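In the two assemblies presented below, chain A is common to both, partnered first by chain B and then by chain C.
For the complex of A and B:
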């Protein structure tokens, strides 16, 4: 900024507030602040006048009143007698659930598609391009509604499973029901002794990390490369499995059933003995709305992630992979040891914003009737109590908190992998 | 010890390339079957493509264009797949919503004129004088779509003329800054108090106009384009201002800009649309009411401008500091340096992001269906609910998806063209 030297001793004049660069920014800022405060005051004044006219002062007591409606998808205990605040919590958890699942699926699909799009195989690269262009150029709301409609159309209805010559049968050796109401999977029942399994499982996760550190130290000293992936997988599964059988199979599975009729074995007898049993209303129901929403959000977001991944890989200088090749590294090691770690730095910032977008887009759940926080707090609670102002305010604060937390966590991660410059 | 170097005296005869090194077989070997694993993958991919075509082509190619309802498609033995009659039957609704039939030339004309108006912005080979039409178009477009007396839009347009004249006259008398402030004030006063009165008087004296069309009748693709194009046109300038505010040295302006941008980017658009549909009335004086479409446009603009600001900030940050310093060294003031040096470069850098935001905005216009406006997505439910087309899914969704796809895909292609054209490096 130009800072013209003013002749010393020149007295202050009012016009200097506008024309003197030393004071002008002050003047502008004060005017802006005054205008901002005046604008907010005007809006608030209007709001109080309108609320007073409608005899509705801002009031958050409705949160502790009974909600009076049911939520079919819930992760915590909830009945229609629970409070509105509880409904808010249920909705919030549903939002987080779909966002969490969506982010994981989107990342997996997105990275695979992004890498495959750079494949030397012409037809694979083309297929991926087609996928990306189709999915990211059509509104996500349309995808959500479309997938929901497709699932509802193509999957068998519950009544198809009934009767002697049922049109549809259960999948995976009669343990899973795939219907257009949702996917029903067996529900575990933990009997005594299953706690030990849990401890063993936690211990094996700790062991995996310990092994990983030991393996990389071992590699640095001796140059030996162990098949770490398979060993880690074995550590994860085998001890728990052994304990499971040693303890006498302490986990029962409740098989899914439709309206009293459930799983049947090959002879038409219901499973009632052994580790499988059925109850009247049993199994875990993964609802169609959740599946459609999750799938649509992740397929849509994956197209963007794939583009980010492609851009990140292309941003790495070709010399890097050539140098790695000259060192004698194989193609997949060049990718995993040289190119991807560098590309990650370019990929992570857009990845963060895609995660944020997915989370915010999950608010479109309302279109398929999935009860996320927009559906409970901003939907039914708002309509039943008529507290539009309070509900939307809380809704915005909820989303702001989620967004800011995600970007904070991801920024910490971003800083940890960022190129350290001196 | 020297040796006579070997020098070839005559050229070898040209040989044909070895078989399998030319044409399609070479291309296929290099691109599809370069190794065993590659061949397997290619085979699988080809299978996928063939399966898709096998499933969808017969489904799509059905002589069902004339069907009056879904029942006819089921009953006709020749039709064993898509029932395209719905598109023919509902095409008008999907395009115009419930816009009166007799008046539908107006949105069509508005759309055609819009293409003319944005042409000089998109392609710089066209004569610059066309920009004048682009400047007038917003008022013309609003008038064509909503109708009514022509004097309203004309008088709003007159506000700019008034501002310009006041600025010109006062600039010689009272200095640039004061002239500008007075001109802005005069324009605002004219819009707030003058326009309504004067245009009513003129309408009374000289009624020139076309039939008014209520916002409730807007729908279909026309509604999406109306909201999308207004949002796009308004969010770019707002985004530039916000980006400059965020980069500003002035603390208060920076804080206000950052707060606004982060707040808007932290909440989903649907909450802002809820605000537009149920809450905005609370914040306005009791007797003031807005049109719902206008409220939605305002909210969509605000939403997109925050994203736009971030994109442009990226462009500003990517410019080397030397550019700012050089502009200062030339003695340009802040606005001159921004207008002549910084912005042209920063905007060029951020073209992909800007167009990406535009595309996002256009796709986000579908969200208005959730607050009850009848854009194509909103029409799906009402069409599925009719007796004739009860339960139709694939044809309708495919067609609407295709409609959006054509627009967004051409936008992204244009952005690539622009990037290439403006590229100054080699």
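For the complex of A and C:
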């Protein structure tokens, strides 16, 4: 400690706390800390006093009471009789779903656009610049609302599919319904024997990694370059497909369909009562709200990622790619073998914050009626129970946890690609 | 650092809660303006007209209270609020009263720290559909996609109704009435549900209202009324009795046209005299001028006049009095006596 460093014989005086540079900074910090704690204590005390005066003592029992409302997109079982805590979970999963899909799409678009913006092709480079500037400079809430409006106004309504000379028809050989309610795709039903398919599929993925390692080792020793992409794709699909037919097609598909078509009522008349609609139990409904939100978030975030990618690539000395070119590497190989591995070190840290931004921006979901955690816990539950403070606190903790988890995972990845100093 | 942000937010909430403690009547008098929370735009109930002046049935209640307290029906600052933030705005003291098609329920009254000052419109939840949907009754709505304004009692009624009838539906939650309207017209939902009066008001603003219909079923009781903070009884009394004054005025035939004349001197009917302050001291009991009720009535007329002018059958919204007729004419509109 500092006391031990003192030359013997010189006694400690109180004024040294202020005038001696060895202690001054510590004194100031301790005083500031005390003042900060006192300030926080005062604010908390004030809050509790005022909440008590308004008859609003923090109370979390509402979480176990029935929620009373319905949620359209449920990844786990939920009815209006489920608890508010369950509604929280449903919302949380919806948030995670849109954040996960959004991050993937944004990364793919962002990297492509970032690379293309540096293209020597003038038109391509300018087009990418226009895309980035437009998306980056308009608030994401507007993009969400805009995409939602476009989808709901331009896509056909269910009634447009009605009748003999319908205005709209199903897409992809009658397997997909694209409507302004959402896109309905076939739903797989796994029958007995499909488990083997799953095992084969997992084995294929393992095989792909093994092949990748072997291929790069092979290249290092012999210099042979294999068309790895196509081989990997074949490994991914072909064995599973073979098993699918060998096992006698153990996966059934429920195709999306319209309710009431072909049905008859008790008198044998064609069923006309009720609403002509897409059968809710047929196929998987990818709701318009999810599509609009996911697309808007990823297009917006991709513009920022593209800039990070461009910055990362430009940070690599031009001499590197010229040297690689001089060795006879083709341009795409220069990019994937020389430039990108080094650029990643520059790209990853801003990429992390873009992922965090996307996740937090997903709380704008209510603009399109997507029931994320802000919509359930911070929206309807808050409204119906009136427990604003409790709900907002839980909501903040939820987002904090999600953000810190993303951050942690990405930091692990960052450590694995960073410059290894030997 | 994140912790400090959290604490800062809590502190902000705490400070806001502190604002609400002073007497609302004194605040309003000191400010010279009544801050009144209204809808973000619902034709007939609260919407700005072509000149930006707020008009509507709910707005009229705000103006009447402002006239009773301040003597000027225009001394109102209208604060448009979504369903989601309305109670927070009231509890935090951002507004002095809320007149925003708000349903009086047990839990809001008891648990949320609100006081309902009466009922200015007896409503119920209904459904609006396109006529070409071929649906004549709410019982045929199985599987429908339903647009619903989130944060309202309608959300819970809807869940209960469909569960009780063993039907399924797809809720599309929407923040404001205007957005719901756009989604419904774009065909993003088959049905729009909210209070029947609001459905009529919304339908009236459509380009072709005849293509849409409100289904006959009313699935809930929605008594709508002005709301004040709990714990400020004198202010609650003022809002409650201003509303009662408008109703009594209709009962006694005091109108916008004759209120000045009747309020000038005591007449033969003692209750009218007490109401208009020419006899007794009812105004002083509320801490207001003697002619407080006369001022309130002079702004837009009595309850019946306000109804006919804003949402009545002569307006595009075209609501009939129904439950909202005076008790003497078979309705539910009733007030305790002025004495």
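The rule is simple: the second predicted complex is superposed on the first by the 381 of 422 C-alpha atoms of A that agree within 3 Å, B and C clash if a C-alpha of one lies under 4 Å from a C-alpha of the other, contacts with A are read in each partner's own complex, and residues count from 1 in each chain.
Rule of thumb we're sticking to: a contact is a pair of C-beta atoms (placed from the backbone, for glycine too) under 8 Å apart; a residue touches a chain by one contact, two chains touch by 3 or more.
Quick caveat: nothing in here was measured; it's all calculated off a predicted structure.
When the shared chain is aligned, chain B comes close enough to touch A:134, but chain C does not. In the superposed model, A:320 lies in contact with neither chain B nor chain C. Contacts of A:71 after superposition: chain C is touched, whereas chain B is not reached.
In the superposition on chain A, A:50 makes contact with both chain B and chain C.
In the superposed pair of complexes, A:181 makes contact with chain C only, with no contact to chain B.
By the touch criterion stated above, A:388 is placed in contact with chain B and with chain C alike.
Of the two partner chains, chain B and chain C are each touched by A:367. By the document's definition of touching, of the two partners only chain C reaches A:380; chain B does not.
Judged by the touch definition given at the top, the superposed model places A:396 against both chain B and chain C.
With the contact threshold set out at the top, residues 43, 46-47, 50-51, 53, 149, 153, 366-367, 382, 388-389, 392, 396, 400 of chain A are in contact with chain B in one structure and with chain C in the other.
Against chain B, the residues of chain A that register as touching in their complex are 1-2, 18-19, 25, 28-30, 32-33, 36, 43, 46-47, 49-51, 53, 120-124, 127, 133-134, 137-142, 145-146, 149-150, 153, 356, 360-361, 363-364, 366-367, 374, 378, 382, 388-389, 392, 395-396, 399-400, 403-404. Taken in their complex, chain A has these residues touching chain C: 40, 43-44, 46-48, 50-51, 53-56, 68-72, 79-81, 149, 152-153, 157, 159, 180-181, 259, 272-277, 279-280, 288-289, 366-367, 369, 371, 375, 379-380, 382-384, 386, 388-389, 392-393, 396, 400. By the touch criterion given at the top, residues 31-32, 34, 38, 41-42, 45-46, 48-49, 177, 249-253, 256, 262-263, 265-271, 274-275, 278-279, 281-286, 328, 331, 333, 359, 363-367, 369-370, 377, 380, 393-394, 397, 400-401, 404-405, 408-409, 412 of chain B touch chain A in their complex. Those residues of chain C that touch chain A in the complex are listed here as 2, 4, 6-7, 9-11, 13-15, 17-18, 20-21, 83-84, 87-88, 91, 107-108, 111-113, 132-135, 140-145, 150-152, 155-156, 158-160, 162-163, 168-175, 182-183, 186-188, 190, 230-231.
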